[in-house]
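Two complexes are shown next, each including chain A; its partner changes from chain B in the first to chain C in the second.
After this line comes the complex of A and B, so read on.
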């Protein structure tokens, strides 16, 4: 056999080999359906009840809805261009196989964007149901973890959008609102799982619920409505009408894999500031000079919070230092708080307010749950020589003993388009007011 | 062959029961089969080698004699030994007769006869032989090819002076030559004492003059055939820059180059390639710049080509390139004199083939193929942007469909969910797998391209675009392909046109299918493997001894004009990999005026 024919034979052998191994994993896009949301409830006939929401491939995104009513087909589970299907199974991945028998196409978790646990279920512990998702290659790290009040199934059924017909976009964008408001944290699956395992701190999840849109009182009020700044709403209890029924607000706090409590919207903002993930948000504060009047500020976090941790007399001491940038949005009283001479006063007021809020939130996590969701343990770890020493110390148990010093620096940066607003003149105005 | 066909037709006849006695049809008799091998024109030009090799297709007279002898031997069976006994000529004998036949005779009749024989008169109607008398006494004739020679020159500057000559002006013997040369008024005359050379001159379009009694011909330059003028480039059009392209005439092409490089060191060497066509091939280089080894190699390759016909530059390219099996061209062919000139000045060699409106430039590297002639006429910042687009185009044209199929069938997690669902929606009613979709669309696109070239004139372009639009639109609405794929194929097609080199674009078109296959079989892994193989092939390529990816691999001295183009005044050195005699293009400071004080000047 000549050298040339040998090389031809080799090439032929390789070419023949290619189709043998190739195409094995190949799958066309439309051969699969992509589960966008996975919900886990406690089962009745079997261990768990699973709910999947996956996009349909019909043009136009499902049925036309009638003015925010109870659209969708109850039987087929059709919700705004998606199908919500529920099944009971012994395990999560088996549930997928079971449901495949009815869906006609393979359900893929590659694009799962949200994993919803019912609160009830989360309080029992989620680790054993999270583990297979970590091990399974299709699930990706950016799936968000949500704990919802009530049943996950009901929550997912209300996961719809009246704005656009693109379900994936709706789900992605709702988590973006965490950056705009700070009312709920944006918790990734990978972070959640990591926090379950670390000795540094405790995991959190997004807290959500379904609002039946009946929270708003009847239009007939009696007298002057009260001024309630920084109201704390449970998910599902915000007084509103219209729009979708799902609500994300607040933080679910875990101790290990068990949910132990929740942070309200207001506390969540302080929590996000503490971990440096607060982007921006509007805060309404009562004007200390004129009761009943408010001023509205936009607060941004200026840089990462500075964290120091040390031991003093075997008590862990943590120094948390934050810088906040303040933009004035509104001053109802039209007082000139933005004047150079008045700025320090305003800054101090805001500083005290935020220091108080932050301190209270930290205290709440210490006294009520002893759950270090701020991950102070990451800095505390620096005081130990080896990881074994840290694990032996068990920071998560000692978190409640820690003394946390909070310092907030505030800087007034912008005053908006108005500067030293002139007073409103009317027929009853009494001359020029001098300060 | 014919026997096989016989068996085959018999077999078919058995099945079809067709009539066996068909009317006799024309079949081309193969050599050694028929009785008359034909008697083509005698031609003294065919050279020695063929004769000795006994190639039966040679139309040399002696050879045919030899062949017919062989045939006779073959026809007579059972007497193989006679072949050796009846061998008519020994090689040396052949040689001697040839030389004898090549000499110019000293009488006019036999010379006319020889010329007639050489050109196959009277069958051949192209050669004109005009007999006349010089000084009313001496017989003479001119011979030229109709259409190749300029008749005005012949009439006014050859015939007319000769007719006016008095007998007393024509001395006998050697004196005749100088007086003839002074009588003929054409710009160039040569004495030829070989029939073969005379024939070559006539074939070029010159006129051969013979006066009775001489033992040589006088050839006068009368070349004047129809040719296309200098036109705008067809495939390398640019906006800013010269708008002239090479034509089919070699002399004009060389002149175009000389006009740009006005340098006495610009050397033009001529080679003749093609035994039947005798095509002139010019090699141009700058004597004081180019590395002599490259010139030596070029002339070695050109003078060692044994082929019967050389019709165009592409054929020569195939004959002289280093890697005939590579799908990427290793020779740059351009129709622009300015581009050719710039390469010659850089230290490369240009090869111009007579009859081809393209110059071939050797040796070249990959980046030269990716440059456009416009690059040097634009500001360097713009060029950098254009090059980026071009490299993207190269990438997209070769890999986009392959990547698409890899992503959609193996790596669906990489697609943003919105897009994924959109693709799935669009694909919902398409019955084919993605690979079939892609192949269908690519096939359609290639079809449009190929048909667009043939569709005549003005409607060609329109039909191409409309065809693509309609085909795409119809294919989508008929659910044959998904709309995303139309975009992919369209971007790929566009990118392919953005590749500045015509041959390279073809190579990329082929490579595209290679990547589609790799992506369809093994996803990204397959693409990576395929890319590895492709890069191996690229680094393995050589263009006249220079690694094709020079400057990048092997790494050479940094150049300011590879992927980025730095300002012209920074490009101080000629390409390192060419090892030119003169490395420096310009001094360190090219913009000398910037160093001067404007007031003192």
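After this line comes the complex of A and C, so read on.
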């Protein structure tokens, strides 16, 4: 290769490098500000009221947090290292543009973690607000969909964490709690949108609310407190004190793009088991042998639920079978339920409990809303030859007619650190027969 | 005649497979899923089957004229003038294919990755590389294809594997999609999507003749069919036929939903890599063949002086469509649904003419004599 052709080649390579470096779309990280949460409420002066929570890149939001302070500033909207700004606009993306006019950096949705709809708005239909986000390149599929009781604006103002200083991480971690408790589903934006369009079932969203921390009764009780193992709590009504005010608890159920009802945190666990999304959770059951005593079990889903669907006399029949692994965490009575001879009885009790819970949850979705949030329709679809036949049948209309058979297999695996726990001895202990 | 160099089975296989599967990364999956619904994954296998039948016919044509490429056969069977017209039709088609493939690539790139970069800048930058590849020639393009074949296929399968948690194969039901008849019809029409295999007959002398031609052709079409079918079934299993039929680039979207934890997500950069490289190889191949066909028609010995005028034409063609709807609804439709009129119909007509006129190549005539 001659010197001349080599220099031409080098010149060409340099010229090629220039346009390929993506100058037009290049953005420095700190040229943008990342919206973490987007809230949608009904507007007063315009169609929608949008609330954005975005990071400030400052430790603690740049405000000194005095003792007893709430870590924020009402006027500037500072909330624990973030700014919460609210604006009214005709559309969601225009709202971002309007906010941009007030911020010295461009707001980007690349790291948006949560889209919050107020319940009132969700009941009117959300498709028109979801659609522009699906088309918009900045929106990530992993953003979560939340429906909150009350205003989305109020919920976002309470979206703070007292642990750690990274607001983005804190928001991501709160959704991880779905895996640890099963009290709410972890609904991604992409799944929600897909479920809006699907003929196989109906969408769900995370149900949330703000707890004013006044739900707990006064410390002075009257007599023996009752044992409530099957308590249902709506978000915002869990009796507690301290911590953040936001609560994710339960499932918002949709029929098409309209919210039609909710599952409690207890029903949500059964729902998650039914769709194979339940990871683990503690369950407190009353000891049938000693009323007033409880045992606590850690339940895990063992594999994917088995689902079969067929038509019998033109009625859709669904067979749902799932297996649960049980770990004993606590036996208040210290009875030896973990012993080989006692395991079948315990397994049967747990099996019946979960079969009943699952059946009731499915029946609720059938009778109250006719909304197949379990997506049994994906198995029913196999009974149809063509898409036209499936769509003409409209599974979402016929879901309420389906007969759903539920079978739960339970397997006790472990019993914690103890095996055959010894009884407590005191001066009043009477001799007990060996089991 | 341009000296196009020689390369072996693996280079030819890599080149043709990449050329065939490139459309998978653009709007093709969306169009097929919209048209066939849940039957898309085997609808493409029907197209693949039709192409295999076509390739068998093409092979019988090539076998009648050993040591001659398709263009020489055109001239031998239809005469010099008609033969040259047929070669020019191929040249124009290839030029159009290069331009529209580039337009589609740039349009999708604009949507997903570089929204603010002007199309002309992207087309210009891309064309610089295409011209560099075409300057080196066919052998160079084939060897580049071979070098990148394993990374491309490896990344593609890695992407499909990483997306496994999102699949639910129940979404492939109802099995018949929009009906068997519609699937068959569309399958037959869209066999044009595999029609580029005909270009193997144009470059037959670079791949060491008939034996390699047959091997490369059949294996490439079958491999591309399997890859297409697998990718379509994964898109359907992840997005269902409803959403799968709306995503501009189903494969890119698949890469966007890969999520294992807070730490393993946003892996679409893997996809960008294979997307750009496959597009580059495909456009370079079409561009080079367009040039080479033109040179053959007018007996031009050196293709390099034509690089600038041809790249200008591709630049204009790539920027010609006004909007993405025009690209999808007009140009891509012409390329992937109706181009079989050129890619398949012409060689088959030439085969029929050769049979009727009893024309054979010299060597074949020699073998036929006692």
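The rule we apply is simple: the second predicted complex is superposed on the first by the 400 of 435 C-alpha atoms of A that agree within 3 Å, B and C clash if a C-alpha of one lies under 4 Å from a C-alpha of the other, contacts with A are read in each partner's own complex, and residues count from 1 in each chain.
To be clear about the criterion, a contact is a pair of C-beta atoms (placed from the backbone, for glycine too) under 8 Å apart; a residue touches a chain by one contact, two chains touch by 3 or more.
This is a predicted model, so every value here is computed, not measured.
Novice: Should chain B and chain C be called a clash or a fit once both complexes are overlaid on chain A?
Specialist: By the criteria stated at the top, chain C and chain B fit after superposition, with no clash.
Novice: Is A:25 contacted by the first partner chain B, the second partner chain C, both or neither?
Specialist: both
Novice: Please indicate which partner A:101 is in contact with in the superposed arrangement: first for chain B, second for chain C, both, or neither.
Specialist: neither
Novice: Once chain A of both complexes is superposed, is A:384 in touch with chain B (first), chain C (second), both, or neither?
Specialist: After superposing on A, A:384 lies in contact with chain C but is clear of chain B.
Novice: Looking at A:190, would you say it contacts chain B, chain C, both, or neither? Reply first, second, both or neither.
Specialist: A:190: touches chain C, not chain B.
Novice: Which angle, in steps of 10°, is spanned at chain A by chain B and chain C when each chain is reduced to its C-alpha centre?
Specialist: 50
Novice: After lining up the shared chain so the two structures overlap, which partner does A:141 touch, if you call chain B first and chain C second: first, second, both or neither?
Specialist: It touches chain C, and chain B stays clear.
Novice: Of the partners chain B and chain C, which touch A:36 in the superposed model: first, second, both, neither?
Specialist: In the superposed model, A:36 contacts chain B only, not chain C.
Novice: I'd like to know which partner A:166 touches here: chain B for first, chain C for second, both or neither.
Specialist: Only chain B is touched by A:166; chain C is not.
Novice: For A:422, select first, second, both or neither according to whether it touches chain B, chain C, the two together, or no partner.
Specialist: neither
Novice: For the superposed arrangement, tell me the lowest C-alpha distance between chain B and chain C in Å.
Specialist: The answer is 5 Å, the least C-alpha separation in the overlay.
Novice: Show which residues of chain A both chain B and chain C reach, each in its own complex.
Specialist: The answer is residues 19, 22-23, 25, 140, 169, 172 of chain A.
Novice: Once bound in the complex, which stretches of chain A touch chain B?
Specialist: 18-19, 21-23, 25-30, 32, 34, 36, 55, 57-59, 108, 110-111, 113, 138, 140, 166-169, 172
Novice: Please give the residue numbers of chain A that touch chain C in the complex, ascending.
Specialist: Within the complex, chain A contacts chain C at residues 12, 15-16, 19-20, 22-25, 137, 140-142, 169, 172, 188, 190, 193-194, 197-200, 378-379, 381-382, 384-390.
Novice: Spell out the residues on chain C that touch chain A in their complex, using ranges where they run on.
Specialist: Contact set of chain C toward chain A: 37-38, 111-118, 121-122, 124-125, 128-129, 132, 168, 170-171, 173-179, 239-243, 256-257, 259, 262, 265-266.
Novice: Show me the residue ranges of chain B that touch chain A in the complex, using the header's touch definition.
Specialist: Per the touch definition, chain B meets chain A at residues 408-410, 412-413, 415, 417-418, 420-421, 423-425, 427-428, 433-434, 520-523, 526.
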